[in-house]
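By letter and in written order, the chains are A, B, C and D; residue numbering begins at 1 in each of them.
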Amino acid sequence: MALGRIRTDLALETKEKFEEDNVEIRGVIIEEDYNEEKDIRTTTVKIETENGAKAMGRPQGVYITLEAPNMSVPDEDYHREISKELAKHIRKLVPMEKELTALVVGLGNREVTPDALGPDVVSNLRITRHVIQEYGVQSMGREYANSISGLVPGVMAQTGMETLEIIKGVVDETKPDVVFAVDALAARSTKRLNRTIQITDTGINPGSGVGNHRNGLSEETLGVKVIGIGVPTVVDAATIVQDSMAHLLDTLEESEKKEFLEEMIAPSLHSMFVTPKDVDETVKRLSYTISEGLNMAFEQA
Amino acid sequence: MALGRIRTDLALETKEKFEEDNVEIRGVIIEEDYNEEKDIRTTTVKIETENGAKAMGRPQGVYITLEAPNMSVPDEDYHREISKELAKHIRKLVPMEKELTALVVGLGNREVTPDALGPDVVSNLRITRHVIQEYGVQSMGREYANSISGLVPGVMAQTGMETLEIIKGVVDETKPDVVFAVDALAARSTKRLNRTIQITDTGINPGSGVGNHRNGLSEETLGVKVIGIGVPTVVDAATIVQDSMAHLLDTLEESEKKEFLEEMIAPSLHSMFVTPKDVDETVKRLSYTISEGLNMAFEQA
Amino acid sequence: MALGRIRTDLALETKEKFEEDNVEIRGVIIEEDYNEEKDIRTTTVKIETENGAKAMGRPQGVYITLEAPNMSVPDEDYHREISKELAKHIRKLVPMEKELTALVVGLGNREVTPDALGPDVVSNLRITRHVIQEYGVQSMGREYANSISGLVPGVMAQTGMETLEIIKGVVDETKPDVVFAVDALAARSTKRLNRTIQITDTGINPGSGVGNHRNGLSEETLGVKVIGIGVPTVVDAATIVQDSMAHLLDTLEESEKKEFLEEMIAPSLHSMFVTPKDVDETVKRLSYTISEGLNMAFEQA
Amino acid sequence: MALGRIRTDLALETKEKFEEDNVEIRGVIIEEDYNEEKDIRTTTVKIETENGAKAMGRPQGVYITLEAPNMSVPDEDYHREISKELAKHIRKLVPMEKELTALVVGLGNREVTPDALGPDVVSNLRITRHVIQEYGVQSMGREYANSISGLVPGVMAQTGMETLEIIKGVVDETKPDVVFAVDALAARSTKRLNRTIQITDTGINPGSGVGNHRNGLSEETLGVKVIGIGVPTVVDAATIVQDSMAHLLDTLEESEKKEFLEEMIAPSLHSMFVTPKDVDETVKRLSYTISEGLNMAFEQA
């Protein structure tokens, strides 16, 4: 079935798509883990070859996905568990053996509720760089402290600049060891919205995010390691229609299918997104969970 | 074609639905007017009988719809024209022969971008009641001044109260002559989003608005005249799927149809909405256009 | 020394003023308690007679003040201690022997940083009334649950209505057992800013708060018990000048003093307030501490 | 009278200080103009020599101050006049003979009401750079169009970075011809708050602004011309006390004076600011007036 490009920012969903179609991809390794007590499912997709990258439509690297059905529910203890899991994975991708300087970038538009995740994460972070630069590490009351800075670059309609231009400028000027880029993502399935976190060492890819960055943020474009952290908060409106129709389309001839898809999915749908009605509370809570995860990762001795 | 209840807050869309099906409804009068120069289409739907009300699924009264394709575009002069049109219709529905006391209520959730229209409108209004109460009408520098108050009640998840309870309390206490209730609406078609204003003397009906008020705001429930002003800013996600499939479904048997509809439209879709990606700028601009329309209506001598 | 009316919303500061002047007031009982470990000082001022009320310039009742120098510092564990103390005092003033229905009102202007405390508190509360009304207490997963509603009425410049009118309307309509009114207060001394919480069973008094309510919120005006909870976040600009000059003025003759005060304190100063530069973070943190205190008070079995 | 350093960001106030003391400064030229009809006073201070710069405590360059008593009043037509005046002065400082690329930077903390001026200005600007880069100047519907970008860098407590570092990075990357830096300023006198605009070709100087930038933004530090545009929205709390006491102090001996100043102005006052109670509406209005002035300056043919 060739429904055209189903847009998803989750490597996990691309993988599932292949499984549905019973296709095996070489160069892609998948590990799954389910913590029954915490009800957190962890899937690691490793794209190890150029071939795997081509098939998956995304760069070589590691994509870790935490799925937790209760992530969108207000239970403080449960969110703390997720923050811990997130911190653990971050520290695996970025070993903090020595003191680290990290820039956390909150991508997205703080004026659009489902896209405000990145900016919200940065506003809950414990920023330390200016204190360490002024008074030294010992002023932090700990022997060891990472130097953390934060940036909310805004979106192109607000700035007239590519997000990459702004971040590249700031990276060149302040020279962090690593960039963490936090973004609201688009999923293929509404079931995943606000209950999935993807962490990847490949950064943020073009076409990714609610606001659709044109140029990726990666080691290649920024010159330093980039860890991408994302939560799907929207589904493209066109995707929802395609998905809902999938079974129905199976009853039709191939030529009929194509015609229907072209006719039925109004072009305007491609500039629309689908999001849950309670997106405000959920994004607020999730952004706190992620900033706590980052705070934990940065502050562990 | 019985697709079940297509949800729309626009009387205009209900009317169109009947036209599509070539059904004529008694007790409903429709007038259309197109101003070519300004590119504003005005449709007035008058529901005059109990029968018409039943067929249309909404109370007897007048529903005026302004459609202006450029309403979502940033052109200050054009928006001023729409404000003027709006003011004109408001003054027809609420003749301001003597000094009026009006309460403008901004319904919706200011934390959810497409639902912030009502709260944004109230924050741009020229509030006068407290000045007139303290210093008299003459202090306004005009011979004649309406007494305008404003309220942003919030939504049930934030307050634990029905919006009706809050407004009824405030109306009983402050006794305005008329209530204007401004709300973000749900349309059936994405084409109408952010380019349509509905003004009605029936108030706000149950099931209306992005946040789905359970109890209507009307003369019956509040004891004073209620003018509802709304702009469709979202489409229910389920509606979009239904609509996209309409033609496809025509190829199927009636029994197959029902089955597909039940299977395909995931229940979770009913708690989702579809909205344009640039909803932040558009809602900000439209809320300004509407508050200017209200300001003009209130301030003309 | 008669510096005219030194404006303060803290009963504690009025008391100190008398102590400075070595005046003892009959009908006013004072208890002090200092928890060294937690570094929290608790002062209870009980105004027990009409005479005491006159001398203190505020109604008969209990005024509890928590002073904690670290309250303005970001230490989560410490803030939890303060929330606990607050919950303890609330439960003493409002015994929760049976299920309670409480309305929490967030006074102040959410657009002015030091005045946003009240609105911020309400947005962090766990609201339950709508759930209990719809699904019953058992739906809360506990045997026992208080019915909590919340309201952010706005300020007169935004609404054209007295805050009292709005709240009275909502109280008459929804009939809570008790109202909690949370407000940003004015202190006399900058030392108290953002490190003091006052809890009182007399509600909110006229002239109180950053925005200066003209009509008090009390059992007398609302018909139900009103607990006032406030944090001083500003000092009146005129007060700061007066206080800074106190010693200097002592060197002058009484007639010179009066002249200086009239000349020196520009009338415009009375429409100004003084606030710390880091007021944004501090108010955010304190509002969270207070809503947690309220959540704890409401949820203990 | 040596009250120590009276802090003001307005060259005009420094000049007045010298006049009070009957001191004439060489190398500083002053021109005044009063438009009676519009009630706008324009003062141009030109610091032309190194000596003048030393005396005035600020770099050589042009400082234009517009004073308009009604600037803090909501009169749309009057604000348009101020926007026009502002546009006129901008075009004198930055001749727009050929197409210009300009970066407008909104300094300050959007979470603190009086410091939100800069961020608010940027959010009302018409940003064009991304459209011109993608589709060319002709896509703007005009023969001629300046390329405008905007940036809200945040403050050091939020980012951990010097504002200069962020802006320098972005300037190096995007290479604008000129930077406009908009900031909320500190005045010495409350009379000037929210009714004065200062425009200078010297950029933003250290110690300037509500948030106190440590490193200036100037041609020297950024490598491109920097126009500073500022409105005083606060007065330092310590300044208000000093100023109120000025006359009183005149009655004292020099040695007494010093003692009083040291004792009376509590160190905590230096971390406080004074601002009008209606700062929210005023800053919103002024930021709109300034962005309109910039829009006009950029869009005139």
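For this structure, a couple of remarks:
Here is the rule we go by: contacts are C-beta pairs under 8 Å (C-beta built on N, C-alpha and C of every residue); 3 or more make two chains touch, one makes a residue touch a chain.
Just so we're on the same page, UniProt names per chain: A, B, C, D = Germination protease.
All of these numbers come straight from a predicted model, not from anything done at the bench.
The chains that touch both subunit A and subunit C are B, D.
Because subunit B and subunit C share one sequence, their contact can be compared position by position; here over half of the interface residue numbers appear on both sides.
Seen as a C-alpha superposition, subunit A sits on subunit B after a turn of 180°, to the nearest 5.
Put simply, the chain farthest from subunit D by mean CA position is B.
Measuring from the averaged C-alpha position of subunit C to that of subunit D gives a distance of 36 Å. Here the spacing of subunit A and subunit D, counted between their Cα centres, is 39 Å. Residue positions of subunit C touching 2 or more other chains, listed in rising order: 157. If you sketch which chains touch which, the chains form one closed loop in which each chain touches exactly two neighbours. Pairwise, the chains that touch each other are A-B, A-D, B-C, C-D. Considering their complex, residues 109, 111-113, 157, 190-191, 210-211, 237, 240-241, 244-245, 247-248, 260, 263-266, 268-269, 271-281 of subunit A touch subunit B.
Every residue of subunit A that touches subunit D in the complex is listed here, in rising order: 122-123, 127-131, 147-152, 154, 156-162, 165-166, 168-174.
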